[in-house]
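Take a look at these structures.
Each of the next two complexes has chain A plus one more chain, namely chain B in the first and chain C in the second.
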Partner chain A sequence: MTAVANSLHAAPRAFELRLLSVIARKVIREASRDRWFWLYCAGFTALAGAITITAVPDHNLIGSGGFGRTAASLVALVQLVVPLMALTLGARYLAGERDSGTLVFLLCHPVSRTEVLLGTYVGLAGSMFAAVATGFGAAGLFSALRSAPTDPVLLVRLAALSWLLSLAMLGLGLLISSTVRSASTALGTALFVWLAVVFLGDLGIMGTVVATRLPVGALFATVMVNPVEAFRLASVVALDGSLDALGPAGTYAVDRFGDGIADIALGVMATWTIAAVGAAVLAFRRGDQT
Partner chain B sequence: MIRVDGLTKAYRSKVVVDDLSFSVEGGEAVALWGPNGAGKTTVIRCLLGLVRYEGLIEVGGMDVGTHSKLTRGLIGYVPQELGFYADLTVAETLALSSELRGLARSRIGEVIEAVSLGAEAGKRVGELSGGMRQRLGMAVALLPDPPVLLLDEPTSSLDVTARRRMVSLLDSLRGPERVLVITSHRVEEVGMLVDRVLALDAGRLVHECPPGELTGRLNLESWLHVVLPSSQTAGALAHLTAAGFNAQENGHGVLVGVSPEDKVSALGCLREGNFEIMDFEVWR
Partner chain C sequence: MNALRSVRPVLVATILITGLLAPFAGPAVAAGDEPGGLQALIDAAEPGDELTLTAGTYDGGITIDKPLTINGKGWPVIDGHGNGSVITVVSPDVTIRGVVIANSGKRLDREDSGITSDLSPGLSIIGNRFENVLFGMFLRHAHGAEIRDNEIGGMDLFIARRGDGIRIWQSTDAVVEGNHVANGRDSVFWFADGVTVRNNHVQDGRYGLHFMYSDGAVVEGNVLEDNSVGAFLMYSTDLTMTGNVFRSNRGPSGYGLGLKDVDGLMVSGNRFVENRVGLYADNSPSKVDLYHRVESNVFAFNNIGVLLGSTVARNVFTGNAFIDNGVQVASDSTGNLLDNEWSFEGVGNHWSDFAGFDADSDGIGDIVYEIDNLFTDLIERYPEIAFFAGTPAAQAVDMASQTFPSLRPEPILTDDSPLIRIPSFPPAPMAGEATSRLFVLMVSLGLLGAAVSVMAGGRSRFRGQAVPGGTT
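After this line comes the complex of A and B, so read on.
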């Protein structure tokens, strides 16, 4: 048998889940050694713990539209920290691999760019799951230690929604990483996107409403385009809170969509995830950058 | 084994490989030779299917443009700038590579021994010297025992001892079914390792010849810097010029233009004239 025939004996298929798993495990191992990842995790866990400790004594009070202060504060924390973690983690990853030359190491093997990108995405999603679970685990632990435990089902729901938000943001991060040339540019772009979805989205919408007297339906649609706002809405619904807390858009949502609003919010986050990952795959496959 | 037909690659509007055609048969060792910017590394990246290109490339009879994953299974590649995960050990790096190729781990020990990295198997890649990293690059490339080896400037970052060891290793890898494609800008190295040279300039194939003919075809010249006592410099310059050498004064000695295969004749000329040669080095 010739060398070529030997080498082709186990010819690879176009897409192999085995390779996706190998790359995902490698990414999780890398993330577990990344100081930025641990810094974010520690910050998120510390803040979640602190919120729980300070909010638990009042958790039986009604506030923030009908759900506990702990949960409301955790939603606010997640809105800020999780998008920042996921966007920067995703944006730095492939661009960092490109900067260090390890992307060439991966791509000179019989793996496709799609397998590399999706394996990276799955690995980073696993890392984000660990980070979110750790943060909410700390919140639950502190809550239990204070003899006034927050409903564990509520925490699990909130953690699951936080992870869904992180999946959408990771997709955007990888899209950035697939299209820029260096890790520093990717990081800068990710921070700009974070500002846009977390702060400029809110301020922009408020300004637009004032300036254009936007109809409430259009206002709701504008709010829901933002995955962070969709997360907030889904969280309020999942925690059995009142959407009135979200102002006229929340009231409109209840009137217009009733119980289906949570599905819409989840659909928005899922659409962002699929669209961002799909666009990242296309950009990475098309790119010449190694 | 490798067929390239009308390969053209441009980055934005800059053409870096221009209508390149060549083929390499099984058992052949070929050098892509050329100055920096000649397009050698780009050709290698096209052969690997890492970048998009125009034209046709076949490896093992398969089109790289449509089957790059499959053709990469036939290729072992040592890049010029080795990018490894610094936190992984040598053995972990090879384990990752074998997982990516779907190979049995039993092969790892063999390649570690083949490149003499046995003592460093447990060392982190970030702790390795340049020469050791180069050998690790070779180990990764040899892991699948590939029929095609692409080596991009395999000795460029090595000191003299490591370079000699690498040349010896590369020589031992030649076989009746294996193709070696080496990029280099060192004429002497090319002469030791390959059967045929493809000389590139600005992305175009300018010469295709046996390595021994390369210097003549390209009118290449090296410079021999000979250090002499300052009192003898003027006399040596006159002596060399009279003997037909292109010589000029330089610092503590003379610079003599020589062909890469005949550097010793200038030294012989100076010895015949009883000049005291204190030191010498070759500049290119």
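After this line comes the complex of A and C, so read on.
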């Protein structure tokens, strides 16, 4: 805290990147002491490893192919675990600091709220990067050791997409964190948001399709708004090269947007990230942080 | 040998001399640049002669109108210069061997080809290379043709603007063996009864193999990969499909093997791996007294293992392995597939998602295997729902139907003798290069290293910066 304390007399001043990075490092350091963070990391890594270990095919039976299914399983795993991890990490962090009183202590120092929030975000994003890279790295490592089929380039692309998804989810988590009073409320809200983006949204659209025969264009648009779905569709494009295997709505998307589908998906995730972090900054600056 | 003896000495001398001069003058000066060129040599030859071409470039656009053998030594190039077909054969018993056939025209309406033929029974095309040709070969009335060990590469055009690697029309008992066809459109066998297609490798095209009205075709040991459709059989009877590999044929309506109005078919020992749909059948068999056997095949990692039209019946599936397909078996509309048989004389199929047991250890599951996924059932009724394949929500739908039997749809198929273990299969040409383990290892360690350095950066550099921060 010395660095922060020493800039005490520098009162109204410009946004300082150095302070942001000091706070980001503090957050990473705390994440590395957080039991929940390690539990998620271990769970994600174990499951990713298990997927690759069980995926070793009999070469005479199916040749060197088979990574497509492994990758599809990894994508399914990421859809469940990464949003859960990022949402709860973001939601617990500031609310937990507030509950324990350390947030007030931090804000007593000459450091702006924007710097604190963005620093926290960058720190958590770094922690999520470590978690995702560990999971995919372990999956690749097990594949290499067991001579399972692997496409390392695809592996890295999926890891990058997973991290982008975690950035959007972290933003939502911090937004919850900055608006909700207690850590337990924040956690509950985060779990509800997780349920909504992972299950309820899709189930709702499926129900709408069954009830109203939603046109494929509207179906594609409503699904694509969901950052988890944007991640999935971008991954399917990375895996298959297109959405042709996903029925009429997939064919529509290919006809309408061609190679632009991945860009749209990336744009959706980026928009969610910027909007959520921006809203979190506003809420955090206005809110009562005691 | 007869052909060798009848070769005219003058001709041989001419060709050999031009061939010998070629290295000194560069490839541009060869028989092709002599007055009349290769066509003159052919015109001068007697029926049954053998012409030996040495290395060099010869002008294309030639017509062979008498029984003749063209024998290339050192890969002579017959160059069509982008006009029309390179070689036209209008005679029985022509053999073309060991030459490079290059640069046909690119007009689809005139079917510009490397070799085009009509009324050419006994045509043999053996060990040639086809480069930058629209159609590789287009043979008409070439009964008993022999197409062997050719390397056929198409033009770098949009797929619908390309020609077919091999097209055989109105020709019985042709043999197509050991060819490698890449970047073509289709390989078409049309009215080609009794054709044998064996050990070919067809990749990066639209229809790897396409049979129409070709009865009694035998298709074995071929590798069909990265095409839109591996092989499509239409309107044909008495076909045999054995030991082929259908891999990664993933076009928008792509299948590993597609069947339409086929009667009398044996599909055995094939590998269907990573296709959009492994095997698709529409109205096959169409005759009510016919049964098709689909036996000892592997369906692995396809989006859909087997897709059948809802009225398709009388297919007998036995001894196959269904391994981790997104959907193992589906119907292309509502309705079940119970008019097909999913076990035969006590031998069913292996299903990777079989959740039963085998208390008496006889290798046969003690409970039946059924496909009754609610999600798949929804897709059949509302195809748009397929957009959600692979989401946690789709899994939740299936889990709900397993938990609450009132939600469970009627099974679309029942295998009452599911195989516990994967049966052993005859070998198939499972090519495909594996990725270097070292590269995978390096990338993985790179990811892990990046993770560690981010976490370590949080600790060490924080302290490192705190010290100078304290001195300002």
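By definition in this document, the second predicted complex is superposed on the first by the 262 of 290 C-alpha atoms of A that agree within 3 Å, B and C clash if a C-alpha of one lies under 4 Å from a C-alpha of the other, contacts with A are read in each partner's own complex, and residues count from 1 in each chain.
Definition applied: a residue touches a chain if its C-beta (ideal position, glycine included) is under 8 Å from a C-beta of that chain, and two chains touch if they have at least 3 such contacts.
Small disclaimer: the values here were computed from a predicted structure and weren't measured.
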{"item": "Chain B versus chain C as contact partner of A:134, first or second or both or neither", "value": "second"}
{"item": "Partner chain(s) touched by A:31 [first = chain B, second = chain C, both, neither]", "value": "second"}
{"item": "Contacts of A:22 with chain B and chain C, given as first, second, both or neither", "value": "both"}
{"item": "Most chain A residues touched (candidates chain B, chain C)", "value": "C"}
{"item": "Partner chain in contact with A:274 - chain B first, chain C second, else both or neither", "value": "neither"}
{"item": "Touching partner for A:123 - first (chain B), second (chain C), both, neither", "value": "second"}
{"item": "Touched partner set for A:159, first chain B, second chain C, both or neither", "value": "second"}
{"item": "First, second, both or neither for A:288, with chain B first and chain C second", "value": "first"}
{"item": "Touching both chain B and chain C, residues of chain A", "value": "2-3, 6, 18, 22, 26"}
{"item": "Interface residues, chain A side, partner chain B - complex", "value": "2-4, 6-8, 10-12, 14, 18-19, 22-23, 26, 30, 33, 100-112, 288, 290"}
{"item": "Touch list for chain B against partner chain A, complex", "value": "1, 11, 45, 48, 50-52, 60-61, 68-70, 72-75, 77, 79, 81-87, 96-97, 99-102, 140, 144-147, 177-178"}
{"item": "Footprint of chain C on chain A - complex, ascending", "value": "2-3, 6, 18, 21-22, 24-29, 31-32, 57-66, 68-69, 72, 75-76, 79-80, 123, 126-127, 129-131, 133-134, 136-141, 143-144, 147, 149-153, 155-156, 159, 198-199, 201-203, 205-206, 209-210, 213-214, 216, 219-220, 223, 229, 232, 236, 240-242, 244-251, 254"}
{"item": "In the complex, chain C residues that touch chain A", "value": "245, 247-248, 250-252, 254, 271, 273-274, 276, 298, 300-301, 303, 321, 323-324, 326, 378-379, 382-397, 422, 425, 427, 430-435, 437, 439-448, 450-452, 454-455, 457-459, 461-462, 465-466, 469-470, 472"}
